[in-house]
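Presented sequentially are two complexes of chain A, the first with chain B as partner and the second with chain C.
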Partner chain A sequence: MTGTGSALGVPAERREGRQKVTGGARYAAEHPLPGRVHAWPVPAGVARGRVTAVHTEAALDLPGALAVLTHDNAPRITEPDDPTLAVLQTPGVPHRGWPVALVVARTPEEARAAAEAVRVEYAVEEHDVRLTADHPEAYEPEKANAGFPARREWGDPDGAFASAPVRVDVSYHVPPLHNHPMEPHTSTAHWDGDRLVVYTSSQGGTAVRAVLTALFELPEDRVTVVADHVGGGFGSKGTPRPDVVLAVMAARETGRPVTVALPRRHLPSVVGHRAPTLHRLRLAADTGGRLTALTHEVVTHTSRIKEFVEQAAVPARVMYATPASRTLHRAVRLDVPSPSWMRAPGESPGMYALESAMDELAGALGMDPVDLRVLNEPEREPDSGKPFSSRHLTECLREGARRFGWDRRDPRPRARGEGPLLLGTGVAAATYPVLVGPSRAEARALPDGSFVVRVNATDIGTGARTVLAQVAADALGVPLERVRSEIGDSDLPSAPLAGGSSGTASWGWSVHRACTELADQLGSRTGPLPDEGITAHADTAGLADADSPYARHAFGAHFAEVAVDTVTGEVRVRRMLGVFAAGRILNARTARSQFIGGMTMGLGMALTEGSTMDAAFGDFTEADLASYHVPAHADVPAIEAHWIDEEDAHLNPMGSKGIGEIGNVGSAAAIGNAVHHATGVRFRELPLTPDKVLAGLARPVTSGRGG
Partner chain B sequence: MKPFGYLRAGTVREAAEALAEHPGARCLGGGTNLVDLMKLGVERPGLLVDVSRLPLDTVEELPDGSVRVGATVRNSDLAAHPLVRDRYPVLSQALLAGASGQLRNAATTGGNLLQRTRCPHFQDLSKPCNKRTPGTGCAAREGTHRDHAVLGHSEQCVATHPSDMAVALAALDARVELDDGRTTRDLPADRFHRLPGDHPERDTEIRPGELVTGVVLPAATASLPSAYRKARDRASYAFALASVAAVLRTSEDGTVVHVGLAFGALAHKPWRAERAEAALRGGPATEDAFARAVERELEAARPLRDNGYKVPLARNLAVDVLTRLATARNRTGTTEEDS
Partner chain C sequence: MGAAHDDGTRATGHHSEVTLTVNGTPHTLHLDHRRVLLDVLREDLGLTGSKKGCDHGQCGACTALVDGRRVNSCLLLAVTLDGCEVITVEGLTDGAGEPHPLQRAFLDRDAFQCGYCTPGQICSAVGVLAEAEAGHPSHVTDPATAPGRPVALDAAEIRERLSGNLCRCGAYPRIVEAVEDVI
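For the complex of A and B:
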């Protein structure tokens, strides 16, 4: 493509696509440094207690074994802010699967065999891993995850609920979920004299460098963190995980480059999970459908060593106008692995529950669920009172309804069938906050007429290289093919992580700024460029992190059609359709991919995914991709993502909102609501697997619990 | 890693001798389950006998009209074979319901029969498991067992056999051929796998030194109406929550002439529903009769805390499949073998 200002929005192909499909792209374990060896963690075999002895002799006698690190001999590190990184520092065992030793050997196979030969003795204590809504140790934390207040309240929600003519009082249950990216958490660490070079699978190398410099007391300029290509993260690589700390320790201890590629079976315990959430929602409305009270209370678990409270009640502070509201989170510290970030933390489970309850309210009112949502649109953000920078939820709902054929829907539950199949359709809304952070970037014009932008962005499979080149080409007013982007290396200008749907906005803002500055320089100069070109720098500190007077969120609407087999209880999605209002869409191809990826993950959350906490042992039963059921191709039907052209001048120079998570939010609720429409039965515990659905189909039909 | 020997067998006899000489040796076919288990440390064979190149890779019709399937025929090839698709649709459907396309391309007929349970505790060395290490206990009975057995389990073991293919073989009255290098014998497919009893470490009736050389699909069940149906958590690449294989022949007046019925994922072996078959034989091929017979079969079920759903699920599957087979016959008036 040529011309100026045309690079944004075009469906440019991923620049590393060919490299990836031909195997040329290097991931963190694929840097065969001379003398490189491999390490394998030994997971704790008890859920609570402490290590009293680690017998390593047998392991060290095995062929290829080089070293066994334990809490007795591992390098000491400065206490990390994130307690899950304080590995091999004390004999304490906070949960089953916690690394209690690390074996280093020549090959991965030798490391695995030696790890199996390490014998660990424990002083075992009784553990408790069962989350219940009335757990005696439930407490109200000061903050939920991401700094949100644990509790917000206005009006008199209890009084308003008690006196309302139409009420819904329902509980929902979302099980533990795991991110399970294709590439497991992996790091290769190499000490080059007093320099540390790390290849790691992370969503943000700048943060990895900051943590390593702190833990190992190194000056920043002696640490380089490379994350060239990352095989997915979904939040689980948003912050450094134990693999990188273990790899650096082992490299220091052995004097050799060391790769730690966490085995798939270790991931559920070591790299985080979405904590289970128990939701209670009380919605009250007048007979016309206007909300008079909204209460969303969440109980979740966290681990003994880390408070991470899934902020699932937070979206209820954004979504609907109501004169009375209470949203609160309670947590129980259990002897479980530490929960952590997973795609759309808070919004994903929270909007499942809220949007399911809204569907129940629509049923109780005898009202169309699209109309109910439109009716309760707030003029300002309910919790903060701020005006929205842009909010086009109504447009998404109406456009989605039009495309989906919603007007042909018979609202009666259990009204459509095909032989043994019950068919139904459902709708749910989506919201995700606009997040953005300060970033640096550099733009360089070269004498040959090409340009290079450099920023330590990370491509976790989303197309970051491509979209940043588009942002640069647009700001420079040059054809896209003349711009190259360099990312994935902490020696580049520092930048925040690919997470919270903030990457493109954060990096793009600084790239845009550097390119604008560079264009100015080029415009005011004459004659050829010097051999090294000319360079402009940008830093959006103070800009990107400035408080906004606006409430900034993306919105969307999901529609789903399901078939429920009354013979087996199997639920299969027939079609999904999402419409999103997420500011300016910067790359139509990669954006679509992100939207439908998020929707597919929502399909998994609704129907197939879930981890089982084994109360006897304190670990998750599903430890591989055969048993943790992410949707297979056969589960993913006709799936469409659309967006509306949304202009918002209060975001960033590109006018974009994040798109990595909004596709996921609400999609599970749309499917659950469709299952209710199909069956007349309201299922309130995910995932909707045949065991639950078949049992539900045997129960008498209900159409909500409206009061 | 534990070193192991590797022998590429050229003849059945060579393979059988190697198995006899090396207790604990394992046959390597497609490796789709065995190699995983070796990585996990669940299987630690001293010797792998690679049988994948033995001349057992054909599907052939025998003079008596039966069909012999070699042990190394790949699952994908078997499912697609015209003889199987035409005469034994239940087998083709069962194979295609199993695993994923990639796995089916590698997995063999013999290996499918000899695959181990996917009980999560069996696969986890840090957990007790009587099947993996006799005498250590069973972590599933009181632990996670939504996917486990409701029929024929023991105090020792509540695991299920994961094969789809084997369920179809049981319903078809297939026979499994075994060879120890000197003599051959065969077993009915529904007697090849065992119930756990006090020896859950033994999955099958195979004797030390024997290998599976093939499966014979009998002429008697060729071209009878048959079907397989499987319920599962996701549409592909998931083990059955319950499955059913059915073969049904009815007469002109709607009487059951022949019925073969087997359940998958309910027990330590494909569960041949002999009581239901006996109840149906000679009786009317109606939905009511199917329901009564299947319920009678499932009276023996002893569900665990979290897998009671399997009983109504299996019932529904069996009644659905049998009714469809009966209805299909009525609709077409005659079945192929009648015409």
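For the complex of A and C:
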């Protein structure tokens, strides 16, 4: 499997850490370019219709204004595969917030003032942005996100449910959620003669280059995309977003370097969001707790211009053994912004619903929720019938229970209090698939005894530079400090994005392969190296993307303790603990940070984060960070992340599974289950804000199935 | 589309001369009255360590110190700051370029991931230490604490006082540990 093992797994410090803490790390708007100017988009002010006129005179008359791009005068681009990138090409308005003009001016103040002076007239059409479970236009798509079939079914789930002695039939609601990385989507485009150089805040520069070469009909070798430091993405920068297209258009029109830094309030409508999901779960079990049927049906929305179906019923195909199952997605095309990836698309909302329903089933059975999950462990992946490459969910649950002190739990709801506070604990399982894609890499040995690995990986905060150097040092059998890694530039060997928890596996595989080849070359030669060193190349196409006979997933278990204030309705998390089985952990320090970060986002999903589609205006009402509440310091208590040592020979040469998303999966359910344990009330609509909690506490407590 | 003005300064009455001392160096600047301190730092002085996360005082990524107090630099019109002393994340390192103890603690604790909120977190924490030392209470300070005496910073105090600095990567527990390291 691996070489000396000396560098893999060690808690190496982030290589760019010093730059980040001293302010030296430069992000997409921060590269010094003489004459650089600023652009500000004008968002559509109607939810559906057509632009009939854009009045730009007043804007152009303002100091500093350089240009106003509209659908009338903006550069024509080749039709993109992603319709959200076809900006300023037609007068059509598919949703509120769609860019209908772009103002370029010398300074940010001048650009903003000029954008406000642009007056747009519309022919307005009736819109519909309201998602309901029985929407008449709901349809069953062929595929959900990531290519999963929208429907899978085996056995007779309806019949099994109807005849089962123990049943749970419940609906859950997850609202729209916003990624909101701390660095807004930003691109700076610069034409250097006939070369295009773009600094962009993206999770994958190779894909950005491919899109720009197609849209602007440029040869690949004349486009360089730099994504050196990226201020978070969480899926919303997984593919190019309109900022980079607008920046290139504006740079072409003005002949100057142009930065498009999307204002925070623009993000929800143009960079994608987690679509709302309406879940109906029907779980049936025998009196011993074995599942006899599992049905998970999801209704979600997508936009008029793009089909994106959050695959929230997919984890139910992986989690539990059941002789009968139906998992189904329906979508409704609405006049809403296009949804897209947000950390663990599918698994995150899907496991919230499934793991909450499992808790309800445990309550209906009078069974411990850890034991219920262990009892229903499948021997093979339920949907595919494939054997698991490794599955240690039971170990995660047991180890988590031990560390958390689960055995001291009084299973009765509403049994613990402290004055006006009700206390409770909850558990939920986690899963996330192992994804990996082909990548290229280059490894070079230099005469001074140092090594350089080069790959167009992107560090969105994961510590990619560091872990890739560790992979290289391990494969070469040399000390870590002798290896340098170069990433974040499309002139480097091409590589897939930092997304789907696949980055380290994909890039690392090619780095490992290049370094193994380089080590072979070094082993078979004598004498000093030439001045330029010697180089080995690798391309894992056909290898990393080969079908596996195994079902490959990471698993985990979350435990949470909450205090619910019966006076204010406020839910406070006191502690969270996660245990994960994610293959080999390659850097203990940065891995722990990622797990904790995912769990923190789950805390937000459970308690603070929620967006509302305003039916009258067709707008997200919580569009900024004052109204859309991402967790703050005071919301986040002690969070512990642990992992079990997992050997899995069916993954990649490092033996790793992805870790970027699984921390987020199931954590909201653990908190919701803890709230039920504390209060005896089952809340089924996120987030659990005081208004909902107070209303729930005012209702008479019901006992029996699921509370 | 078309070119308009290439010299915005002709709009007289909308600019003023302002002198700021930034990280110990005085700068006299001819500033658009709409220009906020954050954009002076980033656009005029090339000090891009202060980050623009929301431009509305909601996220704290732009936190800097003005006359020793932490501020959201995106909310302060620079024209109001004539004569002020500004410290940014770039100004926290010592003369030899060695990191401030808080910067070192952030590295030791891996108290960041993407790094975009980090300069604001660090500047904010510098402000927190000074405020606690000066006896400023917070929402979670025991009301029985003697006024004007230094406030002991436990984890709850640190969390409360840093809550204006958002971190989407979820580094909060490590940030609190880092601040505790330098108390």
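The criterion applied here is as follows: the second predicted complex is superposed on the first by the 698 of 707 C-alpha atoms of A that agree within 3 Å, B and C clash if a C-alpha of one lies under 4 Å from a C-alpha of the other, contacts with A are read in each partner's own complex, and residues count from 1 in each chain.
Everything below uses one rule, namely that a residue touches a chain if its C-beta (ideal position, glycine included) is under 8 Å from a C-beta of that chain, and two chains touch if they have at least 3 such contacts.
Being a predicted model, the structure only gives us computed values, none of them experimental.
Asker: A:E399 in the overlay: touching chain B, chain C, both, or neither? Say first, second, both or neither.
Answerer: neither
Asker: Return the chain, chain B or chain C, that is in touch with more residues of chain A.
Answerer: Chain A has more residues touched by C than by the other partner.
Asker: Does the superposition put A:E622 against chain B (first), chain C (second), both, or neither?
Answerer: first
Asker: Touching A:R572 in the superposition: chain B (first), chain C (second), both, neither?
Answerer: The answer is first: A:R572 touches chain B but not chain C.
Asker: Between chain B (first) and chain C (second), which, if any, makes contact with A:D243: first, second, both or neither?
Answerer: neither
Asker: Touch test for A:Y27: chain B only (first), chain C only (second), both, or neither?
Answerer: Second partner only.
Asker: Using the touch definition from the top, say if A:R14 reaches chain B (first), chain C (second), both or neither.
Answerer: In the superposition, A:R14 contacts chain C only.
Asker: Name the contact category of A:A695: first (chain B only), second (chain C only), both, or neither.
Answerer: A:A695: touches chain B, not chain C.
Asker: Once the structures are superposed on A, label A:A113 by its partner contacts, choosing first (chain B), second (chain C), both or neither.
Answerer: In the superposed model, A:A113 contacts both chain B and chain C.
Asker: Contact-wise, after the overlay, does A:E646 reach chain B, chain C, both or neither (first, second, both, neither)?
Answerer: Neither partner.
Asker: Find the residues of chain A that appear in the contact set with chain B and again in the contact set with chain C.
Answerer: 109-110, 113, 626, 631-634.
Asker: So in the complex, which bits of chain A are touching chain C?
Answerer: Residues in contact with chain C: 13-14, 16-27, 29-30, 32, 56, 60-70, 73, 106-110, 113, 180-184, 229-232, 234, 253, 261, 263-264, 460-463, 589-590, 592-594, 596-601, 624-626, 630-634, 636, 638-639.
Asker: Which residues of chain A touch chain B once you look at their complex with the stated criterion?
Answerer: The touching residues are 43, 45, 109-110, 112-113, 116, 265, 420, 567-570, 572, 607-608, 612, 614-617, 621-623, 626-627, 629, 631-635, 687, 689-692, 694-695, 698.
Asker: What part of chain C is in contact with chain A in the complex they form?
Answerer: So the residues of chain C in touch with chain A come to 1-5, 7-11, 14, 32, 34-35, 39, 42-43, 46-56, 58-59, 61, 88-90, 92-93, 99, 103, 106-107, 110, 112-119, 122, 158-160, 162-176.
Asker: What residues on chain B touch chain A, complex-wise?
Answerer: Its residues touching chain A are 1-2, 39-41, 100, 118, 120, 123-127, 139, 142-144, 146, 231-239, 241, 307, 309, 312-313, 316-317, 320.
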